[in-house]
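Shared between the two complexes below is chain A, which pairs with chain B and chain C, respectively.
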Partner chain A sequence: MFVSRQMATIDFALDNLVWLILLVVLVVFSITIPNYFQIGIFANIVEQSTFVGTMAIGLSLIIIAGNIDLSVESTLALAAMVTGLLFATRGAGMGFAFTPEWLVIPISLAVALLVGAAVGATNAFFVVKLQMNAFIVTLASFIWVRGLVVAISGGRSAQSLPDSLRFLAIETVFYVPLIAWISIGGFIAFASILNRMPFGRHIRMIGGNKVATFRAGIKIDRLTTITFIMAGAIAGLAGWLLALRTSGATANLGTGMLFQAFAAVVIGGVSLQGGVGSLSGVYAGVLLLSSINTAINLMGMPAHFTQIIHGGLVLVAMLLDTLKTHIRARMI
Partner chain B sequence: MFQPATELMMTTQPLLLLENIRKSFGAIEALRDVSFSVGRGEVVALLGDNGAGKSTLVKMISGGLEPSGGRILFDGEERTFRSPLEAKNAGIETVYQDLSLCTNVDVVANFFMGREITKKVFGIPVLDEKTMAERTAKAISDAGTRIPSLKVNVEHLSGGQRQAIELNRFVYFGGKLVLLDEPFAALGVEQTRRGLEMIRRVSDQGIGVIIITHIMQQAFMVADRIVVLRQGTVAGDVATSKTNLDDVIQMITGENIANLSAYQRKEGLPRTV
Partner chain C sequence: MFKLSRRILMAGIAMALAGTITAPAEAETKGKVYYLVPTLLDEFQTESVKALEKFMKDVGYETVTLNADNKTDVQQGQINDVINLKPKAIILAAVDFEALKPGIEKAMAAGIPVIEFDRQITSTKSAFTSVAGTVEIGYVAADEIQKLLKAKKGSVKGKILQVLGDPGDPYTLDIQKGFEAKMKAFPDVTIISKPAMQWEASNAGTIVNDQILANPDIDLIFVHAAHLSVAAVAALEGKGKKPGEVMLVSSNGAPVGLDLIRKGWQNVEVEQPLYAQAAAVAMFADKIINKQEIKAGKVKVLGLESEVTIEAWGPNIKIPGAAISKANVDEPKFWGNLKAPTEPVKAVE
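On to the complex of A and B.
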C-alpha cells in the first residue's frame, strides 16, 4: 500500500505524462533536425494545432461523458461551408456584408455555432430521446452532414472572405495568429468548466458510473443532450476558424481530421471507456501530433509517412493507457 | 408542558410500518399480508431463502415497485414511492456495493455527488472544493472511519472504505432509513467486522437499518430483530436475543430442524430443494 501523498504524485505524473513526452520529442527534434529549433517553427506548431485542437475539445467532452461523436469532422465542414457561402465574395460565396463592417465577425461566428449546435441537437435527439446507439447515430451524421456540405455548395468552393474576418487569421500576438489564441482560449474555458463547475463534474461522473449518477438524482438525459449540442457548437467554431484560415471553404474541407482528433484525444490520456481525461492532456496530444507533422515536413519526408506515424502513435497511446491502468491497479 | 407526551409518541411510533402489504405479478402472488416495522435506531435483519420475496419487499420500500395492496407508513405518514429518487428525498436509501459511487473521481466528489456546494465567481457557479473537503473530512472522522486521503480517486480504496463513504454520505444528508443488500458479500473478515461496527454507530444516531443477508451469523451479530420471509409471508418476527440459529433456520425453510443433515445444521445452511 502506497502512502497517499506518493499515490497522488504518481497520479499527477501519469495524468501529465503526455506533456513530458511532448517536451522530450521537442528536445530530440530540436537537436537532431536542422532548423527545427526556432520561434517560427514553434509558432507554426501552435497554429497548426488550432483546428484539430478545437474540434478535439468537444470530442473530449463527449468521450469523457461516456459517449462518442463521429460527426464532428463533417459538422466542422458544414459550419465552414455555411460561413464561406454566406460571407465569401468569390466562387459559390454570396458575399453578405454589413455596416459597420466588423459586424460580420459576431454574425458569422453565431451562424457557425448555430449550425454546429443544430447537428449536435439532432444527434442528441436520436441518442437520448430515441435511445439509439451513439456510434451509429453519429456515424450516420458523419455521412449525411458531409453530403449536405456537397449539396448546399453544389460541389463548388467559396473563396475570399472579407478582410474584416481574415485579419483574425493573419494578425499575430507573440508570433501566433489570433485564431490560434481563440482555440487556446477555448481549451482554457472548457477545462475550467470540466474541472471547476458542477456541469463538468457531473458529465465526468456520468462517464464513470451512469447508475450511480442516476441514483444521485443527476439528470443524465439533460446533461448528455447539452454535451452533444456543445460538441456540435465547438465543431462549428473549429469550422469557422478553418474557414477564416483558408479564406473560404471547399466541399472536402477537413477530411481526415476526425482521426487526428481521435488520436490527439487518446494520446492526451482520455479513456474511450469514459470518465477519465483532461483537456490539458488533449491539447498536449494535439501539439505532439503537429510537432511530428512539422518534423516530417522539415526532413522532406513524403506526407504519407505522417499517417503511418499517427497510426503508430495511437497504438502507443493505447499501450500507455493500458500500462497506466496497470500501474494504478497495483498501487492499491 | 406537553413535551413529554410528544416525546413519548415520537418514540413509540415506528419509523417504518408495513401493514398487510400485498404484491402480485399477474397470477403470481409475490407477497401476501406482510406486516412489520422498523423503529428509529433499530437494526432489522431481513432473512429468507431465494424467492421468498425479499427483493420485492426491498424494492417496495426503496421506491422501485408499488404495492398491490396494504399501506406503507414512513415517519407516521402513508407513503408510496414511485421512484428511488422519491424515496431518497424522504430519507430512505439502498446502499449497494459499487452502484452508488463513481470510482473515477475522488472521495469528496462522491460525497457531494449531485448535491455539490458552489460559490459564485463573477456570477458563475464554481465548485467550492474547500468547503466540500472540510465537511467530508468532518463527517468521515465523526463516524470514526479512516480514509488515507480524500483527494484520492475511489478506485484506489477498498470495498470497506467505499461502503463507509456511502453510509457516511447517507447519514450526513439526513437519511432516516437505510437498506443494506448483502453489504458484506465481497468483504474480508476484518472489513466485515468494521462494517458491522459502523452499522451499530449509524443506528446509534437514531437511523433505522434493514440489512438483507444470507449469512446468519452476521444477522445475529448486528441485528436487534430478525424478520423472516417465506413464500411471500412473514414466517417469523423475533428479537435477536430471544431466538437462536436453529429456530431461525426452521423459520426460513419451514422444516423441522431434525430433518436437516448434521452438516447443514452446523453451517447454518438452509436445505436446498
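On to the complex of A and C.
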C-alpha cells in the first residue's frame, strides 16, 4: 500500500516536472533580476504565452496522434493577415464594419477559424487520402501558406483593427488581457477533451499503436483528418489573437513561432513518437519559455542568448524524458 | 474528349500568337535589368519593386525582380544565376553587405554593371550606388530625438528604449551606429537597446511590454522600422498609455508610421527617400550600362538636392532622408503616402 502510494507520488512528480522547473526558474529570476518580481511582469509572461501557447495546443494534438504539422506558423500568419485585411481600417485593410459593432468579434473569429481549418483540411487530404508523408505535406504548406500571406497582402501591412475587437487585447481581468484568458480557456477545454472524452483517448491510442487501434475498430482516417482540421483551426485562433494584439498584421508576423511551439511541446513532455503527453505540461513549457524571454529582455543580455537557452532547454527536456522513461521502467 | 483537346490546342495557339504579338514591344526595350530585392515582407521593399520597375521602364529597360527572402545564400545563388543570363545590369539591395562581395566582383568582371540600391557596400567596387545612408538615418533620428527630449525636459536628458530589427541584419546595426554616435554627446541620456528578432512585430511588442514595466520612466521609444512601431503602440495601449505619453520615433517612412503620426501616437518618422533612390538609378542607368563616366556634383532627383561623389567603391549618390512630423505628414513626396510620381524620369545627359 505504502509502496504503491510512493510510486504514485513519484509518477505525479515525473508528470509535472516541468511545472516544478518553472517554479524554480521564476523564484531564481525573481531573486536575481531587478524588476522581475512584480505582478505586471508575471502578467506579461502569461500574455506573451498566448500565441505560441494556443498554436501549441493544436500541434500537441497532432503529435500525440502520431503525426506532425509544420504548417501551423504560416496558418497563424494567414489567419492574422485575413483578419487584418478584412477588418483593419488602415494600410491594406478593407475595414469591413457591422451594425451592431460587436458582430465583428464572432464574424472575424469565424473567418480566422475557417481559414485555419481550410489549411488543416488540405493537409489532411494529402496525408490521409493520398497517404503522403505528413512531414513533407506540412512542410510544403509551411512554405505555400506563407507565400499566400505575401501574395494576398502584396507585402503591405494591414493596421488599426476596430476598438470593438481591440478591447479584447487591452482589457484585463486580474492583470491579464482577455486574449490570454481565451488561450487559457483553450488549454482547459482541449485538456478535458484529451483526458476525458473518447476522441482524446482514441487519438492517444492512434499515436501509441496505429495498427492495434485500427484492429480495435476505431476509424483512424476520420480521427486523423479531424486532428489536422482542429490543429489548423486552432492555429487560426492563434492568428486571430495575434492580430488583435498587434492591431493588424504584417507579412512576417509570427515568424519563428513554429520552433518555439515545438520547443514548448517537447519541454511539456509530449513524446514526438506519439501517444504520450498532456496539455498541462505544454502550457508549463510555454510559460517557461516566456519567463526566459522576459528575463533576457530585462537583463542586459544579447537576444541571441534566447535561442541558445531555448535550444539547451529542448535538449534538457529530451534528457529528462529519457530519464523519466528509465525511472518508470525500473518502477515496474 | 476530342473537343476538349481541340479547345486546349486552340487556346495554346492563341497564347502563342499573343506572345508573338507582344514580342515586338519587348524588342523595343533596351534590355533586361535584374533587381535582387532582399525580401518582400516589408512595405519599403514591396514599394521599391514597383518604383524601380516604373522608373526603369521610363528610361527603356525591363526590370525582372528576384526575392531572396532575407537569406544571404539565396541571394548569392541568384547573383550567380543572373550573371549567366547576361543582363544589362544588376540592381542589388544586399541581404548581407559583405557576403555579396564575391558575387558583385564576379558580375563586374563579366562586364555586368552592379548597382547598389538602398544598401551601401563599401568593401568592393560597384558601378553605382544609390542610398539614403543607413548610418545617416541614425543621425537624423538622433537630431530629432534631441529636439523632442529638449522640448519635453528642458535639456537633452532622459531614458530611451531603442528597438532594433534583427541583430543579424547590418541595416539595423548601421542605424544604431549612427544614432548612438550622435547621442554620445549627451551623458544624461540612457539608451536601452533590444533587438526584435527577425524583424517580427510581436517581438517588438513584447520588448515594449516588459521594458515599460521594468523602466516606467522611459521617455521615448525609437524603433528601427515603422511596422515595429505599430506593435509598440499596441503594447503601450495595452498598458493604458495615451497618445503622446511616451514619445515615439521610427524609421523607414512606411505608411503605418505616417498613420501613427496622424493618430498622435508617433512624433517623428525618419524617411528613406525610396522614390528618389529608385529614380536616381533610372536617371543614371544609360551612363552606367554604356560605361560612360559619371561626374561628381549636385543633381536634383525628384526635386531633392542630392550629391554624387566618386568614392573608392565607385560613383555614389546620396539622397537626404527627411524627418516627417505632424506638420508635413501629408506631403505626397513621402513614399509612405504611396503616391508614386507619375511624371517619367529622364536620363541624365
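Methods note: the second predicted complex is superposed on the first by the 326 of 332 C-alpha atoms of A that agree within 3 Å, B and C clash if a C-alpha of one lies under 4 Å from a C-alpha of the other, contacts with A are read in each partner's own complex, and residues count from 1 in each chain.
Basically, contacts are C-beta pairs under 8 Å (C-beta built on N, C-alpha and C of every residue); 3 or more make two chains touch, one makes a residue touch a chain.
Everything numeric in this text was worked out from a predicted model, so none of it was measured.
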TODO: Put chain B and chain C onto chain A via the superposition and say whether they clash or fit.
DONE: fit
Open item on the list: Between chain B and chain C, whom does A:L253 touch in the aligned arrangement: first, second, both, or neither?
Closed with: second
Open item on the list: Residues of chain A touched by chain B versus by chain C: which partner has the larger set?
Closed with: C
Open item on the list: Touch test for A:G217: chain B only (first), chain C only (second), both, or neither?
Closed with: first
TODO: Kindly classify A:G207 by the partners it touches after superposition: chain B alone (first), chain C alone (second), both, or neither?
DONE: first
- [ ] Using centres of C-alpha atoms, tell me the angle at chain A that chain B and chain C span after the overlay, to the nearest 10°.
- [x] 140
Open item on the list: If we overlay the two complexes on their shared chain A, which of chain B and chain C does A:V28 touch? Say first, second, both or neither.
Closed with: neither
- [ ] Once the structures are superposed on A, label A:I143 by its partner contacts, choosing first (chain B), second (chain C), both or neither.
- [x] neither
Task: Which superposed partner A:I327 touches (first chain B, second chain C, both, neither) - done: neither
Open item on the list: Please give the nearest C-alpha separation between chain B and chain C in the three-chain superposition, to the whole Å.
Closed with: 36
Open item on the list: With the touch criterion stated at the top, can you tell me which chain A residues are shared between the chain B interface and the chain C interface?
Closed with: none
Task: Residue numbers on chain B that touch chain A, as the complex places them - done: 84-85, 88, 99-105, 109, 113-116, 118, 124-127, 148-149, 151-153, 155-158
TODO: Using the touch definition up top, name the residues of chain A that touch chain B in the complex.
DONE: 3-5, 7-8, 11, 196-198, 201-202, 204-205, 207-209, 211-213, 215-218, 275-276, 328, 331-332
TODO: Would you pull the chain C residues touching chain A in the complex into a rising list?
DONE: 39-43, 45-46, 167, 194-195, 197-203, 205-207, 209-211, 213-215, 227, 230-231, 233-234, 237-238, 254-256, 259
TODO: Please name which positions on chain A make contact with chain C in the complex.
DONE: 34-36, 38, 40-41, 44, 47-48, 51, 90-91, 150, 154-157, 159-160, 166, 169-170, 177, 242, 245-248, 250-256, 293-294, 297-298, 302-304, 306-307
